[in-house]
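The structures come next, written out as structure tokens.
You will see two complexes here that share subunit A, one where it goes with subunit B and one where it goes with subunit C.
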Partner chain A sequence: MKLKGLFSTAIAITTGLIVLVGYFVILPPLLDLRIAILNWFIILAAVALFVGLFNLLSVHANKLRNKEKGGIYSLILILSLLVTLILGLWLGPDQPVMASIFNAVQLPAEASLMALLAVTLTYACIRLLRPAQYAGLRSRTNLISAIFLVTALLILLGTAPLPFVGYVPILSDLIRPFIAQVLAAAGARGILIGVALGSLTTGLRILFGADRPYGSDPSRGGK
Partner chain B sequence: MAELRCPMCGKPNSDELEKCASCGARLKPLVASSPEDHPPIHPGEEPVKGKTTEFERIPPVSGEKETIQPGEEPTKKDTAELESALPSWLRDLRGQEGQPPPAETAKPVADEGLPPASEPESSPQLSDVKLPDWLAGLDSGAEEEGEIPEWLASIRDQSPIQPGTPAEEEPFLQSEETDWLGRLRQEEEGKPAQPAGGVPPFSPGSKPAAAPPPEGLPAWFPDLKGESAPAKREPGLLPPDETKPSEELPGWLADIHAEPDKGLAAAPAEGGPEPVEELPEWLEKLQAESKTPTRELPNVEVPFEESPDWLAKLQASAFTEEKTPAPSIAPEAEVSTEKAAPESMPPAETPDWLGKLPASAHTEQERPAVSAFIPETPTPSFIPETEAPVKAIPDWLAEFEEGAIPAEVPTPAAPEKTALPAGESESNLPMETPDWLSMLKPERGEEKAPGGAAEKPEIAPAELPTWVQAMRPVEAVVDESEVPQEEEKEETTARGPLAGLSGVLPIGPGLGALRKPQTYSTKLQMTEGQQRHAASLERLVASESEPRPLSGQVRLRSARLLRWVIAFALILVVGLPVVTGIHTVPGAVYPSELSATRDLINGLGANSPVLLVFDYEPALSGELEAAAAPVIDHLLFKGPRLAILSTSPTGPILAEHFMKTTQASHGYQSGQGYVNLGYLAGGPAGVLGFAEDPPATAAYTIEGAPAWQTLPLQGIQKLSDFAAVIILTDNADTGRIWIEQAGPYLSTSPMIMVISAQAEPMIRPYYDSQQVKGLVTGLAGGKAYEQANDQAFQGVGLARRYWDAFSVGLFLAVMMILVGGSWSAIAIWGARRRTVRAASNGGTPVRDGKQVEGA
Partner chain C sequence: MNWVGLAGFGLVILSAILMAGLAFLRRNSTPVFREITAFARLRKAIGLSVEEGSRLHISLGRGGLTTPQSAAELAGVEVLRRIAELTSASDRPPVATSGDGAVTILSQDALLASEQAAFSTGYDPAAARLTGLTPFSYAAGALPVIQDENVSANVLIGSFGVEVALLTDTAERGNTSTMAGSDNLSAQAILYASAQDPLIGEELYAAGAYLKARPFHTASLVVQDILRWLIVIVILVSAILKLAGVL
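Here is the complex of A and B:
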């Protein structure tokens, strides 16, 4: 299957070059071609969403068919999916029914899960400095943990004013802005630069055919 | 099929075999004469009756009966001509018949059908004694001298077990039988006896022949007889004049003549033998002759039990016990009573070679009277066919016997059996030893073995020659203490050529008694240090295998409880302000980026198209709605035309929820005030495509109607046609994508972002780089924006309602973190302090390479 790999690699490289060149060379045909390619990509991305949906259905269906543990939840998921899908296709996403389903189920569920995060993070911060008193556990007391904890406390204290106290002057005016806008921003900038460089390298690798994420790379199990 | 008993090992064998199947010893003695003429006879066997004519040199007279039946008058014949057929020993005995027997000679017990052993002195009285019918022929035979009674001939047919006599003597056996009678007759008449052959060991009446050796006798035989004459002589046993003829006989033969005297002397003590007066004269003469000092005959044993007593006595009389244990012939019945005979004989009278022989097992009492002329059931020992007992034993044989004789032969393996019985020495004789001698000796030796220890003190130890000493077992020279077990188990060999030696491997199957292998201790040998280390290792291993209390259960319980406590506290603290509406927290800090946002929104004209992008998840809808509500509310005060778009599948519906909950007061309706373009797929590519050509990318609304022909989106063909783009996101990446992909296509249109507090670090650089014109961050930004537009809000805004709860909840979380952290720090400090104390006091268990804390 060498021809298949070669064809896919050619398509990938051609497409990438067209899009890339279209950024630098303003040519109406090239622009139209780029737009068309992007539109195809958008369509394929939407189709990929449906593929994921069908994969989810098959996984849970197999789990239900094999009577595995937690099959009831798979059943509920499948039923919910089918109902929502059918109603959405039939009624439309702007229908009050669909809005009700969303507002009554999905929105509160996800919001609640996010609310638990507050309790979990608080508990984790409390136990961050506790010694390993049980077998198999290692001690969490280390410098990074301590710095993380202190930073979190400063940010929290600087974000909102204290009840009956208000903002702590130095903490709210100087420390927290410095941590958030200088230290954190510096770290963020470094991450962004690294991401940008990595994305550039990955794109060039794909354009050059060195990296074939579309399955034709022998090093990744492709043929 | 008749069985032959092996003379060496004593095991029965077939008659047809020449050699023993077990040990390989010759079953049939080697006979110089043709074996067919003289088939050997073995102990226990019925003698084969045959004609004596084959032994006779004088053909029988035709017409005469060759056989004599019991009760018939024997045919008188001249036996003188038959003397050549007599065994040499018989001839010798006959030669000694002239010697007067001792007065104290014991009479042999007369077996049934056999005359008692006659003393040498009784030989002259043969003529005066009325012989029984079966001996009647003897008188006539003395005259005739050519006739041999059938019974005698039949005796000669049987294979004799002769005392150790050399094989050379066998050729002379043929004439012995014919001569002995003649000699006897001559002796009666005072004629010089012509020994036909060797003097039988049990013929006390025979005299050593002074006449020239008869035909068939070796030349040395007369010399032996002459030597034996002065060899030994028992006092009172032989008259002085009898010593002369005995000088011509070998010493052993002389002893034989003398022994009957002893035996006869002992017989009366036993009370067994008949009185001497009852013996015929010729028999007495024989006895007397046997008492004369003659050479000792080798000790021949009769291995069978049915040997007549007179035969046994003849055997016994053939040995002397003066010097050395002389071999003697005795039936097995009397073997047990055999004693050292040589001791009774003066050593000076026995020849050297005979003196070296093992001591005779007979005592004076046991030595029966010799009755060589009255053989009963022929026994192999006494068949004159073998003249071995009469003939001299070679020196080498004597040495051998002497070497095997001494009772004190040191054999450490069997100290109680070190003494070789007298009879066993004969078994060690070399191959030249006659079979009858070798056959008889071992058995006598076996019987003597148990009593060997008892006989030890009676037998004087002799010096072994070097070559005999070399033959001794290795254990003989090894210290007894080294191999104590073996010494106990080693037995003196009683049979075979190695008879008398100890430490010899048994002939039978196997290699004798098995020794128990040496046992070795299986206990592990360890030093004290190793034991300590092993003990400590064992404790460590045991401690590892010991079950420990499960601390996970405790940990799980405390963690769950703590979480519940935290959750309850937070719920309480956060819910209380919301429920009660209490305001305890002052206003938020007005960040600088809020001013820019307010300015941008204030700069929008009325009915300006604005693109709203709702790219946040339902999970953070609470924060974003609280943060974006004042901004959108401020925006809607400007009456723009809104286009709602989302790159998240839930974005469009969140936008609808937002517009209907927070902006309901403004009365915006979908399709009229705003257009919901729905979900934009493709991620960055979709954003890029929308940025380049919005109508082509998002052509339809969420209702399915063409979007770009609706009122809100009239005249908009590209992204830059929008007056502003406001992006609501909780994800930094999504914001970054919009900034990076759509930013270049906005031209002068500002991009305002309302983000979550978690995305601020990643988005702020873009704000700092002025790629984002306005930035509102989290609940605090919304609170601050509400405060900035307080005049515009009617009532309490969402951010304001959440602000107190947020502040209190945040404060509680901070406090819990501080308290918990302090508690953990104190616990760590205490654990380390305890560890240090434990380490200073003693060893502490190590876990994972570190000391166990809090153990």
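Here is the complex of A and C:
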């Protein structure tokens, strides 16, 4: 197992380096190799999707078999999945029947969940107003919560026209654009720079073999 | 190669050299991190779940490995692996949910590896699950896990969108604690309002270091700080040069 772990690490590091260097250095053989590796990866990801679907099926089949709570939903899921899969394989994804299944089932269900989010977010904002002792483990100071809520209210009032008033003059022309285009944009860019640096160092840790999201880690022992 | 590509390649090489050098220099020193409440609470939640015999739910989000969100997913898998190792003494292993086939396989692999490292034979392939392939189907599939599987704490770490609010709301209703981080800006704003312990910005990628603290993890945090200061200096100098009319 130890040798197997080292072998998989070596393959991962080598392919990672080829793809990374091939992205920056434009050399024909390197470019071809990089494209070939990426194509293999896309094929493997598609196979992984099927493995994931079998995982989904087995989890829900187990739920049914063990008569767990919500078994009826598992049955509906399995039947829907099999029917859609068979129809998709038989008719192809561009058939009107497949499009109507998507438009009549998937789309409305996801739109309903999106609508539910409005209620969930309003509830979350109200929870922010609760005093710290009633807010469970919440640790943020009330000052920051207050700033968060006031900003959200200012943006809402400045964006949506009010009945009989229309757009609020100073709020819509001056305050909202300042918050959205200066303060929020600056904060968002700062966070995105942080995310980019985090992604870079995460990638480098994997290239160095310090993080191994695959196989067993030889330094941790085991079988 | 144009100058942008050259600068990018230079940044990667510089980061790699800095990380390797710092990891070597700090290999024997004790790492010191600033306190992040979410990680302190996560350690407590791990201990409590082992004592109570309850489960931890690690949600890896719905990003894929072929997308730009792969770094967040890989950071999540590393956290899952570490949590699985720490809870290997428990009767109830953690349960992982994800929205991508490849991430599901990686999470199964992480759980199996931690069981093998603990010389345990209790590996359950159903402990790592694909719950849905679209953002909302993923969230809808993960909700029953939070509600019905004796979960005491949720760790939402990976790539989420606005659908994460459904998960945090369900966790709140079930009186389970939630530590959450995403690489998506909208999700971060939602998590700030709805999660008990949100991770903002690059804190998501620091989770591995806070849970494990090997020399490379500590070095990667120092490299992030150095690069951040470099970027701050470049932005300030550029602004001054622009004001002066040079640029």
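In the analysis below, the second predicted complex is superposed on the first by the 199 of 223 C-alpha atoms of A that agree within 3 Å, B and C clash if a C-alpha of one lies under 4 Å from a C-alpha of the other, contacts with A are read in each partner's own complex, and residues count from 1 in each chain.
Note that in this section a contact is a pair of C-beta atoms (placed from the backbone, for glycine too) under 8 Å apart; a residue touches a chain by one contact, two chains touch by 3 or more.
Bear in mind the structure is a predicted one, so any value in this text is a computation, not a measurement.
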item: Subunit B versus subunit C as contact partner of A:Ala104, first or second or both or neither; value: neither
item: Which superposed partner A:Val182 touches (first subunit B, second subunit C, both, neither); value: neither
item: Which superposed partner A:Ala160 touches (first subunit B, second subunit C, both, neither); value: first
item: Touched partner set for A:Ile35, first subunit B, second subunit C, both or neither; value: first
item: Partner chain in contact with A:Ala45 - subunit B first, subunit C second, else both or neither; value: both
item: Touching partner for A:Leu20 - first (subunit B), second (subunit C), both, neither; value: second
item: Which superposed partner A:Ile147 touches (first subunit B, second subunit C, both, neither); value: neither
item: Touching partner for A:Ile76 - first (subunit B), second (subunit C), both, neither; value: neither
item: Which superposed partner A:Leu91 touches (first subunit B, second subunit C, both, neither); value: neither
item: On subunit A, positions contacted by subunit B and by subunit C; value: 41-42, 45, 49, 106, 109-110, 113-114, 120, 123, 125, 127-128, 138-139, 188, 191-192
item: In the complex, subunit B residues that touch subunit A; value: 548, 551-552, 554-555, 559, 562-563, 566-567, 570, 584-589, 617-622, 649-650, 652-654, 656-657, 670, 676, 678, 680-683, 685-686, 688-689, 692-693, 696-697, 702-704, 736, 757, 760-762, 764-765, 768, 778, 780, 803-804, 806-811, 813-814, 816-821, 823-825, 827-828, 831, 847-848, 853-854
item: Of all residues in subunit C, those that touch subunit A in their complex; value: 1, 5-6, 8-9, 11-12, 15-16, 19-20, 23, 37, 41, 64-66, 71-72, 74-75, 77-78, 81, 85, 100-102, 104-106, 108-110, 113, 116-119, 125-126, 128-131, 133-137, 139-141, 144, 148, 162-163, 165-166, 168-169, 172, 175, 177, 183, 185, 188, 190, 192-194, 196-197, 200-202, 204-206, 208, 214, 216-217, 220-221, 223-224, 227-228, 231
item: Subunit A residues touching subunit B - in the complex, by the definition given at the top; value: 31, 34-35, 38-39, 41-43, 45-46, 49, 92-94, 98-99, 102-103, 106-107, 109-111, 113-114, 118-120, 122-123, 125-135, 138-139, 141, 149, 152-153, 156-157, 159-164, 166-167, 172-173, 180-181, 184-185, 187-189, 191-192
item: Complex contact set, residues of subunit A against subunit C; value: 1, 20, 24-26, 41-42, 44-45, 47-53, 55-56, 58-59, 62, 68-70, 73, 106, 109-110, 113-114, 116-117, 120-121, 123-125, 127-128, 136-140, 148, 188, 190-195, 197-208, 210-211, 213-217, 220-223
